[in-house]
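I have placed the structure first, in the form of C-alpha cells, so that the comments after it can refer back to it.
Chain IDs A, B and C follow the sequence of writing; residue 1 opens each chain.
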C-alpha cells in the first residue's frame, strides 16, 4: 500500500485555482521529486498535505487514514514532517532547543528530548553548534537544522521544501547526501526543488506540476525527455 | 541552592515591610506595588513568554472585581472566596476570548483583545441589574474573621498587605514553574514562529488558550483583591483601556519572559507613579508612557533583561 | 419614517468625522505599517486646540483650524523624525507598544496641565439646530460636516494629483518598488506621519464643539478608529471613508433600533467579525 495517497486535490484562492485535481502517491522508502515552474503550486501542495491550508476538495490519506482537516501539529504527530522554503528556525532559541521542542512531540521528558535532539543534530552535522542561537547559523546550517528538527518528530514521511535552494555547489552535494541517508534510515522523502541536477540525481521518481495540474509522473530520465514537460517547463536546456 | 536563597530573599523582602513600618502611606504603596506585580506577572505569562500582546487584560481584572463584589453584596459570600471565584470566572471569560482572538496574529491580535475588553466594559456598564451600571458597587463592612484567636482588623492595611503579597508570590511561583515546564518551552517557540511551532507538533492554540486561562486567573484574583481593598468598584475604575496598557508597560519595562522582570517593572513604575500621584493627584501615567518609550528605544529587553546582560558581560 | 431619516442624517454627519479620523490612521499605516495608538490623542489635542482658541482668544473654533492643522503637521513630522524613525525597524509589535507609550504620555500630560474636568465649547449658534424637512441638524455638526468633506476632497486631490501624493500612494502599495524608483521613502514617511497628525488635529478641531472634552477622550476615539479602518481595510483611504460613514450609521441606527446603551458594542462586534472573517476589510480593497 502507498504511504501517502493524494486524490483529486483541488485548492482555490478566491477565483484562482492554485491546485487542480492533483493526484499522486508516495511509496514507502522512495525519494519522490516534485518539480514545476515558479507558481506551479508545489508549496501549496505541501501546505495542503501538512494542514497549513485546507483543500477545497480532494482526499489525502496517510497509510489509508485521512489527514484532511487536521491542524498542522496533528498532521506532524500522525507522521508527516516538513521543512519550509524560507527557513523558519526559532531564531533566538539555541540549536539544541530548536530540535528539543520537536522531540517533545514523542518524548515528554526534557532529558529524553534533549538526548534525542543531540542525536539528530549529530546526524546532520551540527553537533558543534548546540548552544548557538539558531539565528547565528548560515543558511545551509539552518536548512540542516530544519531537517534535524523535522526528523526529531520521527516522521514516516518527510516533506522537504527546497532544501538546496540558495546553497553553493558543495553544500548542495552535502544536502543531497544527507537526503539519501535519511531515506536509507527508513524515512520516505518528498522534495520540492529547483536545483534540477540534484533532484534528477537523487529522486527515484519525479512528479511534474504545472498550473496546479500534474503533467508527468515517471522516472527522472524519462521525465526529462517528456515533450510535454520540456514544453511546459524545462525548455530545451536540460541538465 | 542560590535559587532557593534568592526565592527566600524575595519572599522576605515582600513580607517584611509591615513589620518595619506602620506608616499607612508606605503600606498603601507596598500594596499597590504588589497588586501591580501580580498583574504584571500575570500578563507576562501570555505577553512575555508566548509573545501574544494583549491590550485587553482589564476585562479579566474587571470581571474578577465585579464577581467578588456581586457575590458578597448579593449572595453574602465572603470576599476571599469570592476572589477565588472571581479568578475562575475570569478563566471562563477568557476561553471564548481566546478562541476568537487567537485566530489573529501580531498587532491584529492586540487590537482584537482591545475590542473584546471594550465589549466587556460596555456590558458591565449597561447590565445595571447585575452591576448597578455607572454607579458602581460599594461594600461598607467586611465580614468578621479571626486568625489565631484574634479578630482581623480590616481597618488596618496590614492584612491586605499579606493577602496581596501571597497572591503575587503565587503568581511568581507559577511563572517559575511554567518557565521550566514543557508548556513554557512551547510558548517561547510560539513567540519565535507560530508556523514552525505547529510544524514540530505543538498544538499552538491549546498552549495559548491554557496560558491565557492561567493569566486571566491571576488577573481576576487581582481584580477581586482590588474590590476587597478599595471596597468600591465601577466600570471606569476596573475596565479602562489604560489599565490593560499599564499591565503591558510594567511587564515590558521590567523585562519580558522572565520571573523577576515584571516585579522590577511594578516596583519601579508603581513607586514613581504613586509618589507623583501623592503630590499632584493626576497625570501619574506620564512616567509610564515615558519609560515605555525609553525602554523600547534603549532597553528592549527591559530593566531586568538589560541588567542581566550587563552582569554576565556582553556577548 | 422621520426617526429613520433623522438617524441616517445624524449617522452620516458623525460618520464623516469618524471617516476623517480613520483616514489619518490608515494613511500612516499604508506607508509605514504603523498602527499609531496615539492617533486618538492627537485628535484630543485638536479638540483642546479649538477649545483654547475659543476661550483665550475668542476665535471661532472652526477658524482656529488654519492654525492647528499646520502646527500638527509639523509636530507629526518632528515626532516621526526624532522618535518613531528609530523604532520602526524593530517590528510591528515594538512600534505598537511605542505608540501606546506615546499615547499614555500625551493623554497624561494633558491631564496634568488641563485637569480631568469635562469641558464644552459653548457657541451661540449651537443653541438652535437647523430644521430642514423637520430633521434636526445641529449647526456645529453641519459646519464640521461641510469642512470634513472639503478637507477629504483636498486630501484626495493631493494624493491623486501632486508628486508627493503620488509618491505616498506608491510607497503605500509597494515600499521596495517605490524605493527602487527613486522615491525617498524616509522623507515620504515623515510627510505622511505629519499628514496623519494634521488630519487627526483637524478632526479634533471639527469634533470639539460637538463633544465633551477631557484628556483621555482619545482612548474611546482610537478604539472607534480601529473599527473604522478595519471595516474599510487597513491602509485604504476610500475604505476608511466608507468605514467611518458605516460606523456612524451603525451607531445612530443601533441607538434607535437596538438599544442606546449597546450602540457602541455593535461596532466592536462587527469589528471582531470582520477581523475574523474578512481581515482585508468589508470592501476588499485593503491589504491584509
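One rule holds in what follows: a contact is a pair of C-beta atoms (placed from the backbone, for glycine too) under 8 Å apart; a residue touches a chain by one contact, two chains touch by 3 or more.
Since we're looking at a predicted model, the values are computed, not measured.
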Problem - Touch-based graph of the chains, sorted into line, ring, star, complete or other - result: line
Completion exercise
Max Cα-centre separation from subunit A goes to chain C
Problem - Pair with more cross-chain C-beta pairs in contact, given B-C and A-B - result: B-C
Fill in the blank from the handout: One chain's C-alpha mean falls closest to the whole-protein C-alpha mean, and that chain is B
Handout entry: Separation of mean Cα positions, subunit C and subunit A [Å, integer]
Key = 47
Practice task
Go ahead and note the Å separation of the Cα centroids belonging to subunit B and subunit C.
Solution key: 32
Practice task
Could you tell me the distance, in whole angstrom, between the mean C-alpha positions of subunit A and subunit B?
Solution key: 43
Exercise for the section: Spell out, as numbers or ranges, the residues of subunit B touching 2 or more other chains. Expected result: none
Problem - Contacting residues of subunit B [partner subunit C, same complex] - result: 51, 53, 55, 100, 103-104, 106-108, 110-112, 114-116, 118-119, 122-123, 125-126, 240-242, 245, 248-249, 252, 280, 282-286, 288-293, 296-297, 300
Practice task
Please give the residue numbers of subunit A that touch subunit B in the complex, ascending.
Solution key: 50-52, 71-74, 76-77, 81-82, 84, 88-93, 97, 100-102, 104-105, 108, 110, 149-150, 152-153
Completion exercise
The residues of subunit B that touch subunit A in their complex are 182, 185-186, 188-189, 192-193, 195-205
Completion exercise
Within the complex, subunit B is touched by subunit C residues 35, 83, 86-87, 90, 92-94, 96-98, 100-109, 111-112, 115-116, 216, 219, 223, 226-227, 230, 259, 261-262, 264-265, 268-269, 271-272, 275-276, 279
